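To keep things simple, chains are lettered A, B, C, D, E and F as they appear, and every chain counts its residues starting from 1.
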Amino acid sequence: MTLQRIVLTGALGDLGQHLRAPLAAMCEALVSVDLKDAPELLPNETYARADVADLPEMERLLQGADMVVHFAAIPDERPFEELLRPNFLGAYAVWEAAARQGVRRIVYASSVHAVGMHPTAHCIGLDAPHRPDTFYGLSKCFAEDLARLYWEKRGVEAVCIRIFSGTETPGNARALGTWLSRPDLIRLVQRSIDTPVTGFAVVFGISNNARAPVSNAGATFLGYRPQDDAERWAEEILAAEPPRDPQDPAHSRLGGPFAAVPLGESGVAWIRRLTT
Amino acid sequence: MTLQRIVLTGALGDLGQHLRAPLAAMCEALVSVDLKDAPELLPNETYARADVADLPEMERLLQGADMVVHFAAIPDERPFEELLRPNFLGAYAVWEAAARQGVRRIVYASSVHAVGMHPTAHCIGLDAPHRPDTFYGLSKCFAEDLARLYWEKRGVEAVCIRIFSGTETPGNARALGTWLSRPDLIRLVQRSIDTPVTGFAVVFGISNNARAPVSNAGATFLGYRPQDDAERWAEEILAAEPPRDPQDPAHSRLGGPFAAVPLGESGVAWIRRLTT
Amino acid sequence: MTLQRIVLTGALGDLGQHLRAPLAAMCEALVSVDLKDAPELLPNETYARADVADLPEMERLLQGADMVVHFAAIPDERPFEELLRPNFLGAYAVWEAAARQGVRRIVYASSVHAVGMHPTAHCIGLDAPHRPDTFYGLSKCFAEDLARLYWEKRGVEAVCIRIFSGTETPGNARALGTWLSRPDLIRLVQRSIDTPVTGFAVVFGISNNARAPVSNAGATFLGYRPQDDAERWAEEILAAEPPRDPQDPAHSRLGGPFAAVPLGESGVAWIRRLTT
Amino acid sequence: MTLQRIVLTGALGDLGQHLRAPLAAMCEALVSVDLKDAPELLPNETYARADVADLPEMERLLQGADMVVHFAAIPDERPFEELLRPNFLGAYAVWEAAARQGVRRIVYASSVHAVGMHPTAHCIGLDAPHRPDTFYGLSKCFAEDLARLYWEKRGVEAVCIRIFSGTETPGNARALGTWLSRPDLIRLVQRSIDTPVTGFAVVFGISNNARAPVSNAGATFLGYRPQDDAERWAEEILAAEPPRDPQDPAHSRLGGPFAAVPLGESGVAWIRRLTT
Amino acid sequence: MTLQRIVLTGALGDLGQHLRAPLAAMCEALVSVDLKDAPELLPNETYARADVADLPEMERLLQGADMVVHFAAIPDERPFEELLRPNFLGAYAVWEAAARQGVRRIVYASSVHAVGMHPTAHCIGLDAPHRPDTFYGLSKCFAEDLARLYWEKRGVEAVCIRIFSGTETPGNARALGTWLSRPDLIRLVQRSIDTPVTGFAVVFGISNNARAPVSNAGATFLGYRPQDDAERWAEEILAAEPPRDPQDPAHSRLGGPFAAVPLGESGVAWIRRLTT
Amino acid sequence: MTLQRIVLTGALGDLGQHLRAPLAAMCEALVSVDLKDAPELLPNETYARADVADLPEMERLLQGADMVVHFAAIPDERPFEELLRPNFLGAYAVWEAAARQGVRRIVYASSVHAVGMHPTAHCIGLDAPHRPDTFYGLSKCFAEDLARLYWEKRGVEAVCIRIFSGTETPGNARALGTWLSRPDLIRLVQRSIDTPVTGFAVVFGISNNARAPVSNAGATFLGYRPQDDAERWAEEILAAEPPRDPQDPAHSRLGGPFAAVPLGESGVAWIRRLTT
């Protein structure tokens, strides 16, 4: 099954940019969407500068699409008011446009921060309840519930990938457990697309790390087999790790620094401070 | 412990109006809030005409409040865009204002429709995952997750009461299981207020119906003991009940007609059609 | 909703005979079926002497029926070969005939002996797996699985009532927990019929005994509220109870004597011996 | 079944003294054991001044006993070294003596403090893991595990009653949920004795309080039906209750003040301070 | 431990034929049983043409056997009446003969179709309840319950292998998850035999497929480590896969085509139609 | 993070001796403690001959320690009185001394025998309740509960490693499942130390055996990836294995011979007898 048309939102973002080529290889036409200027394009790629929260625009872009890979969002904690349009209304517009246009499935960049307040030591599975650690995490909870609603009422399939630490390499002790390598991200998105029937599914986006603090046992049917393991960096990273307060949410909760940052303040900035 | 000040939003709504007197009896000053003209007031009641989604206004109204009983919302399915302000942004503004003002606890009118797609025959407990049946239900999922976030990050306690069928009397066969009598609603709100410590809690708002399709076993510490039972109306209602298609969500899912109504269309209108 | 036609199999059996009048009151025409001579009939009752394992006969009898209350079976342990026709093939014929005739629902006399090897002290719920204690119990497991199959593939609803000790009064110490009074049996059958939608459901048939060793929490939507309690007989019965070996299955497993009787031998005879 | 001989340890303690008469009525000879001088005796009661940690002495006292009701212990938090003999070694000696003497069953005064660190709002069941709040609670965990070991290896039955707040009347807001009335304590001990077979069982010792924060659903076979409800005192107690810090273990954990008291310091003294 | 005698039923069937050599290597004498003419035999193999539902015959054949590997059955959906003798009565006769002859263990070819109505996306474990998809699946439910009964009442051990797609190579998209390679089948049967003690066990017969939709975590003690992975065929198979209706049981339930085929009609024929 | 000081108790024991070098490599100063004469020391190792149950001595030894690896204990079943000091009081003294000295974490040699009465075929996870098989196992239950108490009340982290069969090579059929190789033991202790935050954690100490009868899924965050597999010895061991009684606890329970040995008698002697 080669797909006719895949729409990738957030195509120029930190993670989205790595998906353009693999997705282009899975379909006849890739439509990349982002807010920035057009990049150099792949042979079967077109680009649209568009705001995902603009429903008529999204409806137009999704015409004839088989699937949407929805990665557009502010990927950090911010005041609720700032996240409202890109993260919350954007999700609504994408799903509503998809339903109207008969799009089969949405692959969604959810996040560990939807369950970030769970203690790392609990090693939760996919059935753990939402425990957002930030407004950012709350936007992911919202979109997951929205996705389930559109599946049950409108028949739009959804795979919600809860991305953990999607960095080039694991940058700190927490990431020894939570790292998602770029190749594994690509594998997971590919499986989310080529699995014939998914219904509504949630899956953790995490590499095959020895220290992975969660279990994907509830979504094995997707066939995601991560190949990378952050353990390669363990010795070096742990050597530099100072003792940590075991009560500090930044070191004892799944969400890491996001579990400790005040609501509305940038978690990415916190991480930077913590690791420099 | 007599409370100084309780703020009741949606005070003139279908359910809120029944809470004014009981709440007034539990505190020195009740502040009733709604969008309509001021009603005749109780001795220790003041009234504010205000939009709950107006954060500065809410912040002002919540000054000095011990607790907020947040019932303001559109109590029906509507297009997402119509629910956005009153149900979603209203919830955000109430919690944010409460956190800023040091309000201790919010008692929230959540709804069965946050879990309305679960089959009635599953007899779920409080740990069942969100399965909203409408945008309306989605707004309740959003507020519950928001409540948990504010509890974990800001220390605001919350009791989310998932109200089932809050009508005067049970009006149809489904309500034999889902009815929440007015006196039981009042009891449940009272317990949600007088329990010394609640943290974040969710509880089903349902009477002591013989046919109640859910279990409150996960929230017994709240001391809610419903006294009414819809079974009194069973013979009469069932005599008039035609055979039902067991595959029809309106008759096999917790959400009833909301589980069957198209997204964005009034579920209340559907119920009316179904029962007349 | 008054039903047109209910078919009651095993209508002259130990339990079935108590259901004739209550069922006759719930429908316009009751068809009672058993292997014996015709009894004196109720005004709206007809009687058919028939073997439930005779599929063409059952198909004829079920024409126009809304529901079947299937109680016909050998109610005791016997060699497998003896149970094959009445209990196994009888169940198959009833369900197949029902599916062919468009019967809406079957209310089935399943038994505690489908789960009789579970320790009494485990206080299982309705989600405990099958652990039959006899060929008799195995026939009930078979029929429950058959019922689920016909619900999922043919849309025939089913309520499987796992009857515990359906005696006039509780006759021994075990029955202080397992007794099902005749009035409670009738209540449970009534609820299994008047509940508008049941899909496939399993429920324990047990009175409101203080010592009830199981929980019906998974089937509350049926509205079954038992009124009788064997505790009334506790003092008298326990006074006569000799010390029991706590390892003896007859006293430590849900199935009681059936859990101890050799496969194929009458459990009823065992009980008689044990209590005399 | 009238028992020949019951041995009651801690017979002159706060709770034990209320059990003498009811136990005497259940057997031909009651042997009361405590460390104090002999009290006035009931007709069929004998008294032994003995240290339960003295194994030869216990072995002598348990000769011919059917059951032991083991309530002797320091009922408060103390340094580990002080609890070692009465609570830990006492439990060992009682079980070992019972096994040697062929005693059928031990009814044991365990405590909520074996699980006292669980949050009240979790409404745990009997399957929740041990989370002791004190050395005192740890001694109860030890005895429960010991009891299970003697059941599995030596065949001694055990009912471990986790007593909550065994006071005359509920003395504070926590006790509205945790109260165990004297009559209900007696009922529970009676059921623990007259149930023919118990194997190893754990049950919460708590009255029928509206606000009871735990579920006994896992031990219903014992037939314990509490009759008292602390709610009668709710209005009076709650009126005097100041606001509580929801993060304070003394108000948010099952163990109450014991969850907050430093290890080794008297929890009873803490409670007194908290309530005066 | 070399076994004296293993009896293999269905020895000439699609799967059974691959077991003859491996089983012969595990014992001194292999007795192969089937309905067809005798094949060319292995050195320590004997052959019996026999109907497994013939109890006296089975009793004779099982004399002196240590274990039975029971694979004889119609391996497809058929009218109940056609499956009755080979699948239902055959299972009964094998277990009863084994119990009479003191056979230690039966390794049974159960099937995914015993749980075939579970949604693939649920990724069930071994504790999921029976949900047969066909009469064929029902016969496997029956035999599993029978096996448990004979273990608990007669001490006959049983390993029920729920075989998924036991084809030479994975033939369609579903089989990318459900394939059981021949070498893995042999491994699993070997482990089911050489594990010293099994009691009653159920295990999924499935290869180490990346897309395996179930978890064998509940039976790890058997030491089954599958080595093959259908993913090798994924690219080729998925390229040819047309879009699927996510509501179609044939593509969304574990049982695949059997979940969609009408009761009593050949599922194998359906599969053939679906894949050609 | 290089640690300043690790204290290893039981440093000359069967398992402890293998930890000296690896632990010495993880810290600046290793303090080895045992009851025997001093061994030849590593460059950064000091040795103390001391009784772990001697609290003042332990307090002195733990000054300045970051972590304690507590392996000192009688590693076999003995009369309770003999185990009391080394195993029970030793654990208490180590934890109390650690809390007083501000030691960050204790890595504890717990044992499979804390859960040894669970049937092997149940394949339990880390959430299974305590079911000790011996007084030895009871001492491990005691220390695990103690560890949780000190974590919750005093903030001392703990990793309780439930060691299975810590022999040089797997010595019998049971050990094919339960073996913990020396290198894997070292890996697990290393991970228990280098994980930045552990809180209170329990983990099974078992190699990557094909037949491992338990799941470590609840403690994956520790990053323990065993590398050895007892299966290498399977053919040889199983060839010599006689048939086993499936009801014999020595062959059907996790604890193996300890599950069968009379309370207080050496399990190690039993194993020796069973395997010679």
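What we mean here is this: a contact is a pair of C-beta atoms (placed from the backbone, for glycine too) under 8 Å apart; a residue touches a chain by one contact, two chains touch by 3 or more.
Please read all numbers here as calculations on a predicted model, not as lab measurements.
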Minimum number of chain-to-chain contact steps, subunit D to subunit E: 2
Subunit F and subunit A - chains in contact with each: E
Counterpart interface for A-F, drawn from D-F, C-E or C-D and sharing over half of its contact pairs: C-D
Centre-of-Cα separation between subunit E and subunit A, whole angstrom: 40
Subunit B and subunit E: spacing of chain centres that average the CA atoms, whole Å: 51
Whole-Å separation of chain centres (CA-atom averages), subunit A against subunit B: 32
Where subunit C touches two or more other chains, by residue: 217
Inter-chain touch pairs (all): A-B, A-E, A-F, B-C, B-D, C-D, C-E, D-F, E-F
Of all residues in subunit C, those that touch subunit E in their complex: 80, 84, 88-89, 92, 96, 117, 127, 129-135, 137-138, 141-142, 145-146, 148-150, 152-154, 262-263
Touching residues on subunit C, where the partner in the complex is subunit D: 119-123, 173, 176-177, 209-215, 217, 231, 234, 238-244, 246-248, 251-252
For the subunit E and subunit F complex, residues of the former touching the latter: 1-2, 66, 104, 155, 157, 194-201, 217-225
